[in-house]
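Each of the next two complexes has chain A plus one other chain: chain B in the first, chain C in the second.
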Partner chain A sequence: MVEPVLDVQDLSVEYEAGAGTFHALTGVSVRLDPGRVVGIVGETGSGKSTLAHAIPRLLPEPPARIVSGKISFRGVDVLDLPKWKLPLLRGTGIGMIFQEPINSLNPAYRIFDQVAEAVAVRKLRDAGESPTLFPAPEPHDYSKGMVVKSGEALLHPIATKLPGRRRRARREALMQDVLDYLRLVRINDPETILDLYPHELSGGMRQRIMIAMALSAKPSLLIADEPTSALDITIQAQVLTLMKELMEEVQTSILFISHDLGIIAEMADEVGVLYAGHLVEFGPVEEVFANPRHPYTKLLLRSVPAQYKDDGPLPALSGSVPSLANVPPGCPFHPRCPLMRDACKTNPGPLLEPVKGISARTHLSACYYSDEVARKA
Partner chain B sequence: MASATDSELGVDATPWTLLRGKASHLREILRPFIRVLRANPLTLIGFILVVIISTTALLVAIVPVISQVVLGHPVLLTPYDPNGISTDYSQAPSLKHLLGTDKLGLDIFSRVLAALPLDLAIGVGIAGFALLLGGGLGLVAGYWDKPRTLGGVISAVILRVTDVFLAFPSLVLALAIAASLGRGTGPSILAVLLTWWPYYVRLTRGEVLAVKHRPYVVAARAAGVSEVRILFRHVLRNLIEPLLVYYTLDIGTVIITFSTISFVGIGVPLDVSEWGTMVEAYEQLLLTHPWTVLAPGAAIFITVLAFSLFGDGLRDILDPRSRRTLVQAVAATTLPGQVAGAAEA
Partner chain C sequence: MGRNKSDLIVFVGKRLLQLLPVVLGVIVITFFFTHVAVQNPCAVWAGAHATADQVQACILRFGLNRPLTDQFWRYLTTLLSGDWGANPRGGVPVLLSISSAFPATLELVLASLFIMTVIGIPLGVVAANGAGRWADHLVRVFYLSGWATPTYLGAVVLAIAVGPAIGLPTKGDFTTKPPFYGPTHMSVLDALWALDFPAVGDALLHLVLPASALALLNLGIATRMTRTSMLEVLPLDFVKTARMKGLSDFVVLYKHALRNSLISTVTILGITAGVLLSGTVVIETIFQWPGIGAYAYDAITGYNFPGTIAVVIVFAVAVVISNLLSDVLYGILDPRVEWR
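Our next item is the complex of A and B:
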């Protein structure tokens, strides 16, 4: 059994707000093995982003509060880390790509300075000039995707354009890496954009730069929080293709969060389905999508429009996602569930407990009647 | 093209090519500023006025000191001694006395000019002190504001003290302090100094609260950047523009407040040339000898206006977003021939 990169166990997160307590996550467990891609899919307000932010401890506390659970990253208990050590965990340990590339780049800095900061974090830690939690060099080799490995770029005129000896020295020291990572994300003439500001680039370019920044720190775990949701559909396809290619090149473990079932099917090895803060189903992506064992997943998949097919109005899930302020007791899905029994109202679902000995159970489901769900076509 | 690249690379660099590289380098940096100034004439006017006013103030202040050292006696840049009583009293503006004289025969132009360094230094200095102190406190109060932590306690203390100051109108408070300290230049400077910084605490704190939850700050945190570095590199960097603009606009307000204290008669003594004091001293001559009052009044007006115009335009120069847009707008309106010519040059 391999040591998992990330092991989240029974994580519960609450938000304390004026109106009451919001149960953003309830007993969520996710396990991520090295080099794997785990997708988390769910509707708006199902707790996807809370999970993404909770793992590197980026949730603002208060109002957020981690009530219970354990997050173990490369054997380090993240929830046990003192506050001052958290920056050491982030970047080089856990990297992140955010939803809105325009807001996630600092408008005051040129592209070079943005990427250089990320590169510098890794360089200083590798050189022992700043402390790090994970001194061991990462197992991945990033050089495969790099097109040019010469000092050519250094000789480019732009490289000598900035004022100040100190700034120029810093620029020259980091230039090669910055250019390499920009090429890694398929920006062909990175020299031409080094001196531009984020607002002068297109959304797709900005997201490429965010990806380059996240990868330049060589994280063991990359959390992609809806990386393509803010992009239009053609750019989305480009960025996804890029990410898929990069996955093979850099072989980082990725936690891929999205509301788009298609994207998850494309990108992930395993998928977890979140509903109202509960992980209702988890397993290999083909298994979950082909034989869903939770009524929610099943109905969700049925409401995806099929291509070239017109069989009347799309089936939609009746009702709406419960407010996180009052998640129904028992199984959170029971008010909308066609298979609901009395037991569902009071007893919380058996949280992903696999029942051994039944060969049909190929993956984990939080439904009491998962066999029945799987049987019904 | 190739030769230009070579010289910039320092290949076969002679001292001359290096020097020339430096000069063109400077021009490269200044170009966007120059374009913004040209695109917005009011900013240009404000900028020119600020340069003229500052240069004049500097010369008026330092030439007497330098000449004292070099020549052994002070050389005044004012046509007459600002405190030298003469027999030309109550004269209307003429070539001899550009802005006339008062009842004691003091040359108004000389007095207005002599007051320039003091008033400008007060405006720049007091607003600058407020910017540094208030800005620093506001930064701390805004960034570490989490309740039930040490930072939260410190920030609460800062804000409550600020509230005490803000409970009074700043002019009333400044007047009260100045009155209790007694008449004099020093006490009135102290009075404005003490009342001015709380506004910067509020302003800075508000901006910090707005910026610190921006996604790029979270993204920097996620990238492993330390909190102190985030504060300076990501938060403070994005506050500089609004703060600097506010500061520039504020210089005029400080000058007016300071002049008001003098005008009420509890500020600068009469023998020190100061615009507010002059307006106060000559106030009763407004109908009979209007130049005595109008000249210092106009000096205040022009100085405040200059900094306001400049401050307004500063926003466009400092913000990369509007800078590029303006530059593009200018580039679009420039004739193709000019662009081609500029490219060749």
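Our next item is the complex of A and C:
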């Protein structure tokens, strides 16, 4: 069995707010093997972003509080790390792409400086100039053998010491890598944008730069938190195509967060479905989408317009997502569930057990009646 | 998009043109205030023991018997010809006094801006980073106590109690006036110019208490402004991006977040420069600093009308220029700003 890159076990996160306690995540477990893409899908307020932020310890504490659980990244217990060690986890360990490319680049610095900063973190750590949690050569690091389409090797020999703090020398030392990573994200003449500020670029361009920045640190795990949701539809398609191509070129593990089932189906190997902070179904993406075994997943898939065949009104999920301050007892989905029994009102249901009635042990569902879901609902 | 250097020149030029009406306005106001408020300044100018004839001669000499508008016109035309007038008592030319007093004040104000920047801004960052926790409360108590203390009280406490207790000088800019000629009239720069390093140290020590007294009062503004805008910037995605690059908390806070927070802090500091200038009147009198604040005090209490007007002109110009500087700095800090 392969050692997972990321192993989240039974993670529960709460927010303390004036109105009460919000249970953003309850007992979520996700496992991510090297080189795999795991998608997390869920509605607004299902806890997707909380999960994305909890893994690299990016949640503001307070108001957020990790109540229980374990996050293990490449064998390191993330929740056990002291605050000062967190930077070592990030960048070269875990990289992240955010939802809003408008806000995710610093408005006060030029593009070159922002990308170069990320490149420098990697170089200094590889060269042993700054401490690191994860030594450079490791089995599922894509740094070796990573090749751009043109055939040009992406990793330039690491300067043993970045030449001084002087601006010009620094710029020269990092220039080649910065240009390479910008070309990697299909920016054709990267020289022309180096000295521009983020506000002088389009949203799609900015998101490409974000991707370049995250990749230039060569993380073992890339978390993409709704990377295309804020882009308009044509740019969205371009960025998705780019990410899809990059997944083949750079063998990194990706946790892909989205509310869009279609995008998850296209990008991910495995998918987890979040509902009101609970992971209700997890399994190989084709398997889950073709043969959903949790009533919520099944109803969610049925309400996708693209699947709609002109026979009556588009079915929508009745009711609404419960407030995280007030998650129903028992199974969180029971008030909206067509299969609901009395037991569901008090019994929280299994914490993801292998789906009944099929042989695939990797398809997990949090419903006691997963075998019935296939037939009814 | 992008900005041109020429836009900046036009911007600065326009703002400097605005100086003209401002200066004319303050001249008018100050002139009529002084000349109307004081009924017979010659009673003072001619001296306490002057005879009635001597007072009468003084009135004729300064033209005080003529209509106020005539007097104003005469003052304005001489001013435009470059003559700032002289102290009616003793005849020391105003320009001579101002040109040595203003640099001394500028030195004091710059020193206190320096203290506000290197102490006030980091305190704001510390407070924002630990918002709601003990560091935040501690910082708030510190700057509020400085803020709530009246300038004269704080300065007197520093001059009478703190200074002697820790052995810092509380009077003037040098222990003994050094023999060198100062081209800048700023004690530290003059001493550096003369390569007299013991004097540089002496001048710096003399600067500590008055500059601290001036800074302490306004430190809170820098701290509070920095804290507020840091709290706005810290939850933004680009701060998360910086964290996710694997940068240390220090770099994230001071390079990424503070850089964007400074934009509003700088604006406030520009406005504060005017407050600092008026603060010098009290501080310089208490610490016997040979600056324009002390000169202003003497000019007003001694019915030195040309001196008073000159001080007000200098203050007005200084306030406009410091606001202009903060606007330019604002544009340098925020590349999205266009010069208009």
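By our rule, the second predicted complex is superposed on the first by the 338 of 377 C-alpha atoms of A that agree within 3 Å, B and C clash if a C-alpha of one lies under 4 Å from a C-alpha of the other, contacts with A are read in each partner's own complex, and residues count from 1 in each chain.
Criterion: contacts are C-beta pairs under 8 Å (C-beta built on N, C-alpha and C of every residue); 3 or more make two chains touch, one makes a residue touch a chain.
Nothing here was measured: the structure is a model prediction, and the numbers come from that model.
Participant: In the superposition on chain A, see if there is space for chain B and chain C together, and answer fit or clash.
Facilitator: When both complexes are placed onto chain A, chain B and chain C end up clashing with one another.
Participant: For A:Gly203 in the superposed arrangement: first (chain B), second (chain C), both or neither?
Facilitator: Neither partner.
Participant: Touch test for A:Phe98: chain B only (first), chain C only (second), both, or neither?
Facilitator: Touch partners of A:Phe98: chain B and chain C.
Participant: Where does A:Pro34 make contact in the superposed view: on chain B (first), on chain C (second), on both, or on neither?
Facilitator: A:Pro34 sits against neither chain B nor chain C.
Participant: Could you tell me if A:Pro284 is touching chain B, chain C, both of them or neither one (first, second, both, neither)?
Facilitator: So A:Pro284 meets neither chain B nor chain C here.
Participant: Let me test your reading of the model: by the given contact rule, A:Pro56 touches which partner, first (chain B), second (chain C), both or neither?
Facilitator: both
Participant: First (chain B), second (chain C), both or neither: which does A:Pro328 touch?
Facilitator: neither
Participant: Would you mind listing the overlap between the chain B footprint and the chain C footprint on chain A?
Facilitator: Shared contact residues on chain A (touching chain B in one complex, chain C in the other): 56, 58, 60, 87-96, 98, 100, 103-109, 117-118, 121, 197, 199-200, 210, 213-214, 217.
Participant: Under the stated contact criterion, what part of chain A meets chain C in this complex?
Facilitator: Answer in residue numbers: 56, 58, 60, 83-84, 86-96, 98-100, 103-109, 117-118, 121, 125, 197, 199-200, 210, 213-214, 217.
Participant: So in the complex, which bits of chain B are touching chain A?
Facilitator: Where chain B meets chain A, its residues are 4-5, 8-10, 25, 28-29, 146-147, 213-216, 218-227, 233-234, 237-238, 320-321, 324.
Participant: Enumerate the contact residues on chain A facing chain B in the complex.
Facilitator: My answer: residues 56, 58, 60, 62, 87-96, 98, 100, 103-109, 117-118, 121, 155, 157, 160-161, 163, 197, 199-200, 210, 213-214, 217.
Participant: Quick one: which bits of chain C touch chain A in the complex? Just the residue numbers, please.
Facilitator: Contact set of chain C toward chain A: 1-2, 235-238, 240-249, 256, 259-260, 333-336.
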